[in-house]
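Below: one structure in structure tokens.
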């Protein structure tokens, strides 16, 4: 775990996104709140927030960071559920991995709660969307 | 967490796959073992195995299961690193989520160790490949 | 951690209950889903399920147990939120502590999500309601 | 998890209390150190300290905080064991939930170590006693 | 994590031992219960039991196992504190690593609670003493 | 957990060392990368880094600390594998326990991956080598 002791504590934000692709009928189950396992979108949101905090356990070389904010949104779309996570800190390293971990766990939770209704869903395009703060400045994924 | 007490303990296997897409130059860093953070493929493998065991913490409605085997492979391909996880148990529920969690953490670890060399990598197509055992029998993702 | 290797694996169930006492106005915030931190009852339910699985980490002398089912309910009442947890296993020790841990974490989560609206809420009467299976047979708390 | 990045790091303290009600004979077992599972008060204290550190895992929307001090006391009283926890930090959010988690885990541990001697103990009145620091200043539970 | 699905569930026991070497004056602090941080021997015992349960998180290739019993003893000796851990299970793999993890965490806890009194203590001879059950039968460390 | 709120945040470093004694033939397996469980030295390194971050869970009275760097090295020697861990922080307490936990988990991992080749390995001389920062200044273990 690389030494970051010389880096300054600055405000940093990262936004990541992922998508659980599924049939429109399965999206309907989400929208109508009919999953037997409970509210899919609320569970995904909480699983994502918890996973952001667990990042240094999941990704061996990540630094433990005092996150100041984590926001996870799971939104039904015509062909699946889209998850977005925004993570903030005022610390010495960025929170890119925390945002990606949050999205990843939220997508896995969506999948878990719907797998009895559809086999073969796919988690697609887990990626960083935007990153601010630190030496590398402001980056935004090209459209 | 749905009651599975009435289900029988049977042998179950799940295989999942994911892909971290990156530039060929970044794959070269992996192949030559030049990442400053250490051996990318060994770290991905261990992170995946550890994450399989952490699944019930990450995915709120997953049952705690006595996994009998977890195998994670990370292989460099021309356009990225492919991760495959095989999880086995003799228990009352399947290990689909454990295999997907393993792949997910392994992909995040690959990403983390290479993000200084390439911005904007993408984790693609996290999906179940095969599943055996339990009521639903043998399933294989259509090619 | 006392040796239970000689005990038989039998079906066991435990039901526990707790209550977060609060002003009727605060209960109204829960009922109308107006807490700024999100859906209180869904969060309490998930926090309870996760805590049941974490019991052997929280209570030092508890055995790790393969839980087969965990059900947590959080229901608004005129003077607070009532939480009930039902935990099942087929194992060598009872799941009383798992049910109590689930209720405890669910109550703490209710408290956390509402503390900005009311100071001085109180978690009351965390207790076992019913227990089945194992040497001690069926027990029910006297009314 | 609400963003607290704009809040100042200030010194904060929270004190919480809980009570495990039991028969005087069971209190006697505690006082004389006769529980078969070991020293009840020492175990409760350590379980409480460990749980304070685990709060962000147990209560989904709690921020991870660098606790500077945790003190847990478990004291036998005529009708049960009283637990008090004092938690300190110099950070952006209060430590109310950390103090309540500590008390909660300490009470569960007392219960676990004594349940073979008395059925039907009850954890009562888990509550905040005092809170200092941060925007809301000094609060003390009215007597 | 090697597949053990074909192995039989049998009763297995492992006993491990470790030693924290220190000056006789420091042992005196332990014996008289004068450590400012609390009861050293009780804390070591609990830390050891908790660590046995955490073994699959600490040692990446260890299987998660349903431990049926964990017993940790910490005993003051003329030149240090000796720790012994006995771990039992009825499962498909041995519990050697669980016994060693328990001893290791117990020794670290002894060290932590005494480091203000003596600099330069050393943890010595962490080793397996005895192992029973499974394919390899009964093994005892030669005297 | 003793209150450190009055201590200053200063840069602190701790270096610890441990040794897994084994037969030269077993060292040969490590050197040639022939262990069936995978790359022993890479696994030890990652297990050590992860354990440093887990220290406050393993050692009950340790403060949670924002580690800024962790470096773990596992090196084959004629009669065993030597592990060294260097941990850095800018915080209110030292990182001695974090360095020792890292070494301990790395040694256990070496042991686990080689135990099928040699029975009766021993973890020896887990000790602090050097410590800088904080009130006690610079300390180095006498040769």
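Lettered A, B, C, D, E and F in written order, each chain numbered from 1.
One rule holds in what follows: a residue touches a chain if its C-beta (ideal position, glycine included) is under 8 Å from a C-beta of that chain, and two chains touch if they have at least 3 such contacts.
Here the structure is a predicted model, which means the values were calculated and not measured.
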Label-sorted list of chains bordering both subunit C and subunit D is A, E
Counting C-beta pairs in contact for D-F and for B-F, the higher total belongs to D-F
Per the C-alpha centroid definition, the whole-Å distance linking subunit B and subunit C comes out as 32
Between subunit B and subunit D, the Cα-mean centres are separated in Å by 38
Here the gap between subunit A and subunit C, centre to centre from mean Cα coordinates and rounded to Å, is 28
Among subunit A residues, those touching two or more other chains are 2, 38, 43, 46-47, 50, 54, 57, 60-61, 66
A full list of chain pairs that touch reads A-B, A-C, A-D, A-F, B-C, B-E, B-F, C-D, C-E, D-E, D-F, E-F
In the complex, the residues of subunit D that touch subunit F are 11, 46, 49-50, 52-54, 66-71, 88-90
Contacts from subunit F onto subunit E in the complex sit at residues 2, 18, 36-38, 43, 46-47, 50-51, 54, 57-62, 96-97, 100-101, 104-105, 107-109, 111-113, 115, 119-128, 139, 141-142
So, in the complex, the side of subunit B touching subunit C is made of residues 1-5, 56-57, 60-61, 63-66, 91-92
Subunit E contacts subunit D in the complex at 38-39, 42-43, 45-47, 50
